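Once you scroll down, you'll see the structures, which are given as structure tokens.
Below are two complexes that have subunit A in common, paired first with subunit B and then with subunit C.
Presenting the complex of A and B:
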């Protein structure tokens, strides 16, 4: 029994790392630009399909590098053309836009690559379990967790050590002052959006190695990511990371005792957090109106 | 642009929560009409998934329907009138939407026939509507027993097998190839419940036992926690009853964990769609197919495969055949009744045999009178990474099972049909 619980905790961490990667991108965009990016799952799918398309030419490793960057470039263009004109308006406008965009991306993928799952090969060096006793520690899963950790560290490095990151953080707190100080806010928002979409693309390339690659691959991951943001606390990136890991482990543990509640448990957690600590676990006071 | 314009309004936590709630309601609707020609056409309404988990299989049923419509129109239509197909997206799992679309097809479009659904639960919900409205209804690919069992209706016919028939067909091979101790990974809705119950019954009869079972919600993406539980029970075989993309996810992850080297991974119903989506090393196990495109000695199959390949560039799957046979059954029934009245057609379809160019299998399938269930051949065999007949040959048929041998009796089906006065 303890063994079973340990297995599920580790597995929850793997899944949670995923939710966290998605949620961090969502959170970045939400914090600076006030845009709830419903199309995030669509960008995830786009990243995965781009990798699938590139793979015959670049191999897995090449696709892993190139596909998220391509996704981010598409994200930059979409922000410039579609989302930027809506910044001055009620958040509902951008919400509706990304809501529609989610459908466009999903159906676009269905149109180009088909509704059916496509086989997505991962390198043989990653497919084998490390040992028969710890069979759940496959090379790919460990690799995924490691890469997510690197991505998160990279993100926090960018946010804390680079000029762009410091501006993003400053803009999150007070965009008006940042703008008055001579920072080009439009470029800042554009790059920030691209950074968020890069994370979605990366999550897509990784997810397709573990899940089946079909147009709806992002839809099933986006809800837990929203929950991760709410549980962790709006406005707090460490909170988002914690939220993602927590709901992953919680749903993993639930599988041991009540398998049919695996999905429900994350919403129960969200409800509890909202009741007991409405600003989220690491959320800042003052953004909880 | 002023500073205020640039910054816009701040979002509140409540807005985010509301938005998250809205994301849960992501559903796509959009009717579209496939063809319309001639005056007063006979209308067939297809209410089937085009989005979600079952989008791919739903699409294949649609293609089968379209080919049948073309053939029927080329051969003089239904009671001399041209036929048109009206298509609605039922979604993959929302019974409310499926029912609403069925009502729309019947009340607004006045369809003469209703087809659907891939999802058993949705098929049952649609059958309630069609029987209330007295519209002839053919279920192409929803497998749960009740459709032609406990809740059978005089107007509801079914092409695909009952879950009990699939269980009866595959169990002897599973016991022989994989062993007697079974652990089930079962999708948590009508289809999964009855398929597991059917297998438990057939397995117990053959001397096997159930070590455990987990119900997985439809659309589950991560199966690892279920797989961890299953392997801890040390079964001979892990039985996968999930379908569609859930099947792809479950098998892919099981093979990544190396479980295929420690246990048999197998199941009952398997289809070409998930096998095509799997990496080659995960195309394994003993399964039952309900129709297979590679039947070299069966008449008309080659022509059918060629016609579908011309339309889509791919070989037909069991789903394509379900759609094809469903649509043809409507035409055959109405033409033999020489009427579009549902009761007359349903009477004409009692015991009706499918001709070889529609049947596309070795024996002659027929609708069993008093139950409205098609009794066809089933194909028991194993999945293969790559077959001799090309990249689409992902299944090897070991044995063709005769429907009457595994269908049980009419009494066992639990169907007690009452006809309108």
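Presenting the complex of A and C:
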């Protein structure tokens, strides 16, 4: 029993790490530009499929490096062409646009790579269990958690120590002032979007190795990411990280005791948080508007 | 004279709706398609009560639509084989859920409100999807049919005759639309519009904004769940797709496409969307891409919607 619980908690932690990685990207874009990027799941799938296509040429490690960057470049272009005209308009429009984009990305993946799930090889060095007793501690899972941790640390480094990151954080608080101080807000939003999409692409490359790769992989991960943002706290990136891990572990634990509620439990958590603390666990005051 | 002129659009809409089953075939449609236009038009107009007239963006209305659909299906299948009772139960279930969820989300605004409504919509999807024994799971709820109406003096066979069912749908539609129009004209409706225009000012005037938004949300969901019941009755079937997030997005695009600042706009949007979807999905397997591109084109080039543009033309 202990082993079963440990297994599911660990599993939940891994899944939660995906949610967090995806939700961090969503949160970045939402905080600076006020855009709910419904196509985030589509970008995740795109990253995964790009890695799948690159793998024969670059190997797993090469794909891991290149695919998220390619995804981010596509994201930059899409932001420039489709989303930029919508800043300053009712958030309804950007939501509808990314909603349509999500359709196109999912259907496009189905068109190019097929509706069936495709085999996604991971290096043999990562698949062997590290311990016979805790069979679920495969190298790949540990590796994923470690890589997500590195990505998150890198993100916080960028946000706290680089000029771009400081500008992003400043823009989140008061974009107008940042603009008046001579920062090109268009470029800032563009790069920020690219950064968010990079995280989605990275999540995709990693998730495909664990969940299998089919066109709907993104849609199944995006809803929990929304929940992660709401539970963790509106406007707070550490909150989003916490929210992702929390709901991952919670749904992992629920799998042990009440398997049919695995998906529903995170929404119950969201309801409770909204009831007690509408701005979320680590949310900033006044961020509910 | 001007009062009379204002009635012209209303007269045109009702005339078109009343005669639709008789010319639908001649333009390449069928009666069921006409019913679908009216049902989804009702859903989009109900959403627009909240979106266009209260200024609150909900992206999760499919949940209440679907609850209505399952409500009517399960009532007829498990409880009483009665169409009107099923509609009542479906509407009650959807409205109850909206009351609870509305209370949880009413403090949020803008994108956050939208995001929470999206997320909550998923709960009901998973319940319908997972609770196999009762809801039929992924395969949907089958094994029930809409029942003939017993009016006391006569029986109306809405199952055998598509046209009879269309007129039942239209009657329910008319009642709902009239109720919404009356509500919007009442002081309550005017207050909603005031909140849409300037929430802060409305608050300073002493209007309990949260209460009003909650009530508007519940009213909107009530009418959406009625539309949901009709949708299930139309095909004698419902499945989890009726309450998934993509359905919510469809309602929003219908409202925007037709013009969300006008009363009839969403109906026109629904008509365009339903016919387009029917045509595209019969032509290509990649209808999702076509619909997705359509969404983007509407947003980029057509944000005011059909009636919004028409009104501008007339004004200039």
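Annotations
We take it that the second predicted complex is superposed on the first by the 288 of 289 C-alpha atoms of A that agree within 3 Å, B and C clash if a C-alpha of one lies under 4 Å from a C-alpha of the other, contacts with A are read in each partner's own complex, and residues count from 1 in each chain.
One rule holds for everything that comes next: a contact is a pair of C-beta atoms (placed from the backbone, for glycine too) under 8 Å apart; a residue touches a chain by one contact, two chains touch by 3 or more.
Remember, it's a predicted structure, so these values are computed and weren't measured experimentally.
After superposition on subunit A, the partners subunit B and subunit C are seen to clash.
Of the two partner chains placed by superposition, only subunit C is touched by A:104; subunit B is not. Put simply, more of the residues of subunit A are touched by B, taking subunit B and subunit C as the two choices. Using the contact criterion defined above for the overlaid structures, shared-chain residue A:154 touches neither subunit B nor subunit C, since it reaches no partner. When both complexes are overlaid on chain A, the residue A:85 reaches subunit C alone and has no touch with subunit B. In the superposition on chain A, contact is made by A:274 with both subunit B and subunit C. In the superposed model, A:59 lies in contact with neither subunit B nor subunit C. With both structures placed on the common chain, the touch criterion links A:138 to subunit B but leaves subunit C unconnected.
Shared-chain residue A:4: touches subunit B; no touch with subunit C. Superposing the two complexes on chain A places one of the subunit C stretches 44-52, 98-106, 116-124 or 296-304 into subunit B: stretch 116-124. Residue overlap on subunit A between the subunit B contacts of one complex and the subunit C contacts of the other covers 30, 34, 36, 89-91, 95, 99, 102-103, 107, 110, 223, 226-227, 229-230, 234, 260, 263, 274, 278, 287-289.
Interface residues of subunit A, counted against subunit C in their complex, comprise 30, 34-36, 82, 85-86, 89-97, 99-104, 106-108, 110-111, 223, 226-227, 229-230, 234, 260, 263-264, 267, 270-271, 274-275, 278, 287-289.
In the complex of the two chains, the subunit B residues touching subunit A come out as 1, 3-17, 19-20, 22-24, 26, 28, 51-53, 55-56, 59, 188, 214-217, 219-222, 224-226, 228-229, 231-232, 245, 248-249, 252-253, 256-259, 262, 273-274, 276-281. The touching residues of subunit C, counted against subunit A in their complex, run 51, 57, 59, 101, 104-105, 107-112, 114-116, 118-120, 122-123, 126-127, 130-131, 245-246, 249, 252-253, 256, 286, 288-289, 291-296, 298-300, 303. Residues of subunit A touching subunit B in their complex: 3-4, 7-8, 11-12, 14-15, 30, 34, 36, 38, 87-91, 95, 99, 102-103, 107, 110, 114-121, 127-129, 132, 135-136, 138, 140-141, 175-176, 179-180, 185-186, 210-217, 219-223, 226-227, 229-230, 234, 251-252, 255-256, 259-260, 262-263, 274, 278-280, 283, 287-289.
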